[in-house]
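Next, two complexes with subunit A in common: one pairs it with subunit B, the other with subunit C.
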Partner chain A sequence: MYAVDSPTTPAHRAPVGPGANEPAPRRRKRRGKGDDVVLPWVLSGPALLLLAILLAYPVGRMLVLSFQKFELKELWTGATPKWVGFDNYTAVLSDSAFWSVVQRTVLFTAASVVLTVLLGLGVALLMRRVGRVVRMAMIIAMMFVWALPALVQAQVFKMMTDSDVGVLNYLIDKLPGVEFQNHSWFYTPTQGWIVITSCVVWAGIPFLAITLNAGLTQVPKELMEAATVDGANGWQSFRNITLPILKPLLVIVTTLSVIWNFGLFTQNWVMRDGKPEPEFQTLATYSYVQAFGQNKYGLGSAIAVLTVILLLGAMAVYIRQMFKIGEVD
Partner chain B sequence: MTDLKSNPSTAAATSAPAAPKQRKLNPLNGVAHIALFLWALATAGPLIWVLLASFKNNTEIFLGKPFAMPEHFSFKTYADAWNEAHIGQYFLNSVFVVLISTAGTMLLGAMAAYVLARYKFPGNRAIYYLFVSGLAFPTFMALAPLFGIMQSLNLLNTYTGLILVYIAYSLSFTVFFLVAFFKTLPAEIDEAAMVDGAGHLRRFFQIMMPMAKSGLISITIFNIVGQWNQYLLPVVVMQGAGADSKWVLTQGIANISTSAGYHAEWSTLFAALTLSILPMIVVYAIFQRQIQAGLTAGAVK
Partner chain C sequence: MKRKFAVAAALAATLVGTAACGGNSDDSSTSANGAVDGKGKTIKVWLMVDAQSGWKDVVDDASKRFTTATGANVTVEYQQWANVLTKLDASLAGTDVPDVVELGNTQFPKYVDAGAFGELDKKSFENSDTWLPGLSGACEADGKTYCVPYYAGARVLIYRKDLFEKAGVTTAPKTYDEFLADADKVAAGNKDSKFGAIYMPGRYWYAAMSWVKANGGDIAKKDGDKWAGALSSPESQAGLQKWVDLVKKYSKADVTKDESDQYLVFSQGNAGAFYGNGWEQGSAEEVRKDPNDPASALVPTKVKGKLAAAPMPGIPSLLGGSNVGVPLKSKNADLAAQWIKYFTDSTSMKGLVKASALPNATALLDAAASDNPKLAVGAEAAKNSWAVPASGKWADVEKANILQNMLSDILTGKKSLADATTAADEQIAKTLNG
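Up next is the complex of A and B:
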């Protein structure tokens, strides 16, 4: 991958600039060099500017806010918020409610990502076995699910599990000897989280399956054939050929899934009607409720910062690997 | 292709180089088809249920026959959703915003990715990491300060503001993907054009962009989907006096289900949910060939 762009770069440095037909060699050289320094900034400038103002600045501001006392009073009067050092952090870290939210978020992330990746990989592998028409039909069906707004996905699952009109109770009730009418799925946290996790996994599989299916087309057929000739069984060729080739892609999609699911907000928010009970809080909703619901913006910021630290701490190796894949050398 | 993972007996039979593409029926393929069929049912089932319910009135929905056909296919629920719940307005708002912001994202993202992938300049690496580090931050992290900065820039409750925010939050993924993609493209054509005297901009628009078409289309679709789906960002940006006429579709849907009464709105909600899938059908119809080529064959690599 890196080899590809190395021929370009020396060429740019070479005196043959954009004005190659002009006779004066000195001018050409200077202009070529100047363009190489200026052009990258011109082309990436607008994007950088937007990113700096709308993403980098807010994140930096969040960091500052987490060391300040910023509540309703500061919001209304516009008074300069007081620096409180690590007060927000000690308040959050000594709160047992925070730790149970952390535990829940980590558990959910682990369960949902493992399920999504395994099922997504399974579907992708199955897709290689079926005919072209079936495969296209699969991709179309998955595009629809993938394209649904998370809000809509959550609404659909909320209505499917509704105790009155929900289709899930209806279907389970059809099983002989099972009485499931008007069953409330969110009465106990375990069942509620099963619904939420199912929704996230259902919605997450298409991205994984489509991407991994694309990755599987990169596995050279000759290698697989050679392996079978040498007597490798299906599992062995998968383990020793497919998996290593698929690994960079798996690292990317798994890492992205962890990041996305760790920040779960919409699904539990919508399914609990915008007022998640303590058992249905994740770090994202918890931080949001503290900041916007309780008007403790400093505290909410501290929770958000801790969330990112947790995420980066656990995933540093993989995030680094992911970025390396497209890294500029 | 289909016997890529076939078991030893089949593969041994087909391993003769003369017939590498020969497809054999074996029991495992049957199992694969059944498994895929069941899974397809699980994937499409909820959508079919929503589609059926969107044509029913409330009495029918509460009748307890969820997979029964609606009594008659009237579009009254859709008309109600479109007019009375203002879904029509929100739908058009969403289309407008997403069209502009996706175009903006692609233009800015492609330009940045191009120089990052093809030019060596001081700060190259730092800029790349600045872009991609956005991937590692959950969106909700920056919501409160984002509100503040939008307010001080006077961009709150404006489409300009929403579009700029959408672009900014889509750039990380776009740049990450496109840098990797541009690097896989051959450099020779680019160089040949340069020798022939093509300028930087001309090379970018007339050589790189066409060569990168499949990658660009994949990531365009990804951005359309991602921005169409946004809910948190518009909630933060589109607030203030008269904001409810400028809402996007997701806000409208959320409004039906939360603020309205419990029983009255089910059928409207189902219709609104169905409407939210429509653009995907359009996108699919337009990009059908490229999706098949780009999304399935190594575009994501």
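Up next is the complex of A and C:
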């Protein structure tokens, strides 16, 4: 970002310079009419209303639920649920199973996001190097991956890694001297998570690659040329020109990936047949099993609230970056 | 503003609540006899997919007879085992509830306990005096009846006749030791690394618990008014050890899989025998050409015509099966009871027998065995069967996968058998007493 800022900013200010007083009176005039207070609210009103209905209500309900004892009886009879204060939270936070789920979710998120961003960036850089036709082919192929619902992706990976009829075992078994028939990929958590992570990373690359490719087109050719003339090698120009320009975009796609992967549900749920073993639980499946499997809706809500709080950290970075971009515009 | 809304919502909820109760305001049970005019009404029926793939004609025929008698229409919605309970929980919370619901016999007690189903007049259903106790037990509470047995299944040994004969075994094993000796012979004759003499997936808890029962063990026992897990008792551990030995010695099945696709895997021809429901023999021999279309043609598999069934010697079977009931909130309880009457009468049961499912009453078992020779083995096994602990919370033990996780822990070597059973006992006690 800063590499571009220095040459463009003065140029941008220059034409404004002569009429420097102009914006001030105009602004004053508008405020006099009062429409700059009302208009933005009118314009954003429908969107805000929708957000309030779709987000505020469920989140509010979840918060309330997390302080209540709400089980089947309350669900069916409409009996007023009992307020239990922080009981649900104490139960969750003092459960060692919860902490191992948190640890697993964080580990998975870190590993999958790092892999997705690195591979996505790699593909994006490759896309700048290849010809138009190949680039189009790459985009189309990635669009197909992107368009696949997560459920289908997970089902396909599940079938490919099936111990009895999976194509992966079949192919590996073809290698000379390798005995891989009936190999169970979910026998050890490590191998199972490798399968799940591969699926998530594979599905995450298209968004990253296409977005970052768009970002890369914004790198001015002149800068790269100048760098080459100055004797910078490929790595140096990538490190000092491309990366700084790409930084705001990278921050956004990374935080988005963190938010998405942190809520992993479909892939591990489907690959473990809707009955994940404790080693394959993430925060989302754990909360779902508690709420809907065990009909402890209050307890499940408490887990969901804790998940949101954990995610807030990541979201703060995202929101800050969004505001930063708004300022530049 | 906010308070006004809350008041309105509470008011609406109360109105809805009373309206829902209105349909069943009389205290007595719903009878399936007597004339009901259902003209212009439609009842919604939830059945499990097994009916769709196995005996859709029985469902259609019962609905037709019901419509002729009452004038009401029927919509049947087929449900998946994986999410039916979650779906049911959600719809019972609302007002648009199904009028008839099928649930597994191990799942029913929880819902009867929670008061989700309305009382039915037992006498108005055919064969109700000889209902299979393993099924009707799940329907009864405090001497009242809340659901009607629908069909049963008992698990049997399904084996490759051709491979057993090749190994010199011409009759089905009569004792457990004989069974193991036969498995040894079959294993000796098939050295392919993919071949396992017995296909036994690792998370198959119905099987593992049958071995526990065979050895005098139990899953849980009630002591006074408290449940205590019984899997770590010496008898249970010994039974479980026998099953683990069997899996390790003869099975090439994935220990992280359950039994849901065992007949498909078995139909690939890489195993000598498996332990399954009677109808799984048919499912292994023939599959639908298009699995998504239950009306498509049946095509033979590799094992077509090579299979035979026998009772698993020395191992009592868990009596599996389903019941149907009428949710308390149903607005058409009278009609729903009438539909159940037709769906569970002797005519419908004959259709089920033809499709190799066991009928719902002991009085029909012997006739079933002679009508459909394939059922003889299952009917025999049904007479020597066991049931899960009779607790309203048992379904939660199943949903939490406590037994499956225990089995994976043992088979993957994560925990010793003693540690895994002790841990499971704790979880089971916590769930059943919770």
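In this text, the second predicted complex is superposed on the first by the 271 of 329 C-alpha atoms of A that agree within 3 Å, B and C clash if a C-alpha of one lies under 4 Å from a C-alpha of the other, contacts with A are read in each partner's own complex, and residues count from 1 in each chain.
Going forward, a contact is a pair of C-beta atoms (placed from the backbone, for glycine too) under 8 Å apart; a residue touches a chain by one contact, two chains touch by 3 or more.
In this text the structure is predicted, and so the values were computed from the model without any measurement.
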For A:Leu148, decide between first (touching subunit B), second (touching subunit C), both and neither.
first
Touched partner set for A:Asp164, first subunit B, second subunit C, both or neither
both
Output check: A:Trp76 vs subunit B and subunit C. Expected answer is one of first, second, both, neither. What do you get?
second
With the two complexes superposed on chain A, say which partner A:Gly274 touches: subunit B (first), subunit C (second), both, or neither.
both
Which of subunit B and subunit C A:Ser301 touches, first, second, both or neither:
first
Just to be sure I read the superposition right, which of the two partners does A:Phe292 touch: subunit B = first, subunit C = second, or both, or neither?
both
Which of subunit B and subunit C A:Lys174 touches, first, second, both or neither:
neither
Subunit B or subunit C: which reaches more residues on subunit A?
B
Between subunit B and subunit C, whom does A:Thr228 touch in the aligned arrangement: first, second, both, or neither?
first
Applying the touch criterion given at the start, work out whether A:Asn182 contacts subunit B, subunit C, both or neither, answering first, second, both or neither.
second
Which residues of subunit A are in contact with subunit B in one complex and with subunit C in the other?
164-165, 273-274, 292
Per the touch rule, the subunit C residues reaching subunit A in their complex are 13-14, 17, 82-83, 86, 89, 92-93, 114-116, 193-194, 203, 252-258, 260, 265, 268, 270, 329, 396, 399-401, 404-405, 408, 412
If you look only at subunit B, which of its residues touch subunit A in the complex?
1-8, 11-12, 15, 20, 28-29, 32-33, 35-36, 39-40, 42-44, 46-47, 49-50, 61-62, 64, 66-67, 108-109, 111-112, 114-122, 124-125, 127-132, 134-146, 148-149, 164-165, 167-169, 171-172, 175-177, 179-180, 183-188, 190-191, 194-200, 204, 225, 228-232, 249-250, 253-254, 257-258, 266, 269-270, 273, 276-277, 280, 283-284, 291-292, 295-301
So in the complex, which bits of subunit A are touching subunit B?
1-2, 4-5, 7-9, 11-12, 16, 18-21, 35-37, 39-41, 43-44, 46-48, 50-51, 53-59, 61-62, 65, 123, 125-131, 134-152, 155-157, 159-160, 164-165, 167, 170, 202, 205-206, 210-211, 213-219, 221, 224-225, 228-229, 231-234, 237-238, 242, 249, 256, 259, 262-263, 265-266, 270, 273-274, 284, 287-288, 291-292, 297, 300-301, 304-305, 307-308, 311-312, 315, 319, 322-323, 325-329
For the complex, which residues does subunit A have touching subunit C?
72-73, 75-78, 162-165, 179, 181-182, 184, 186-188, 273-275, 277-278, 289, 292-295
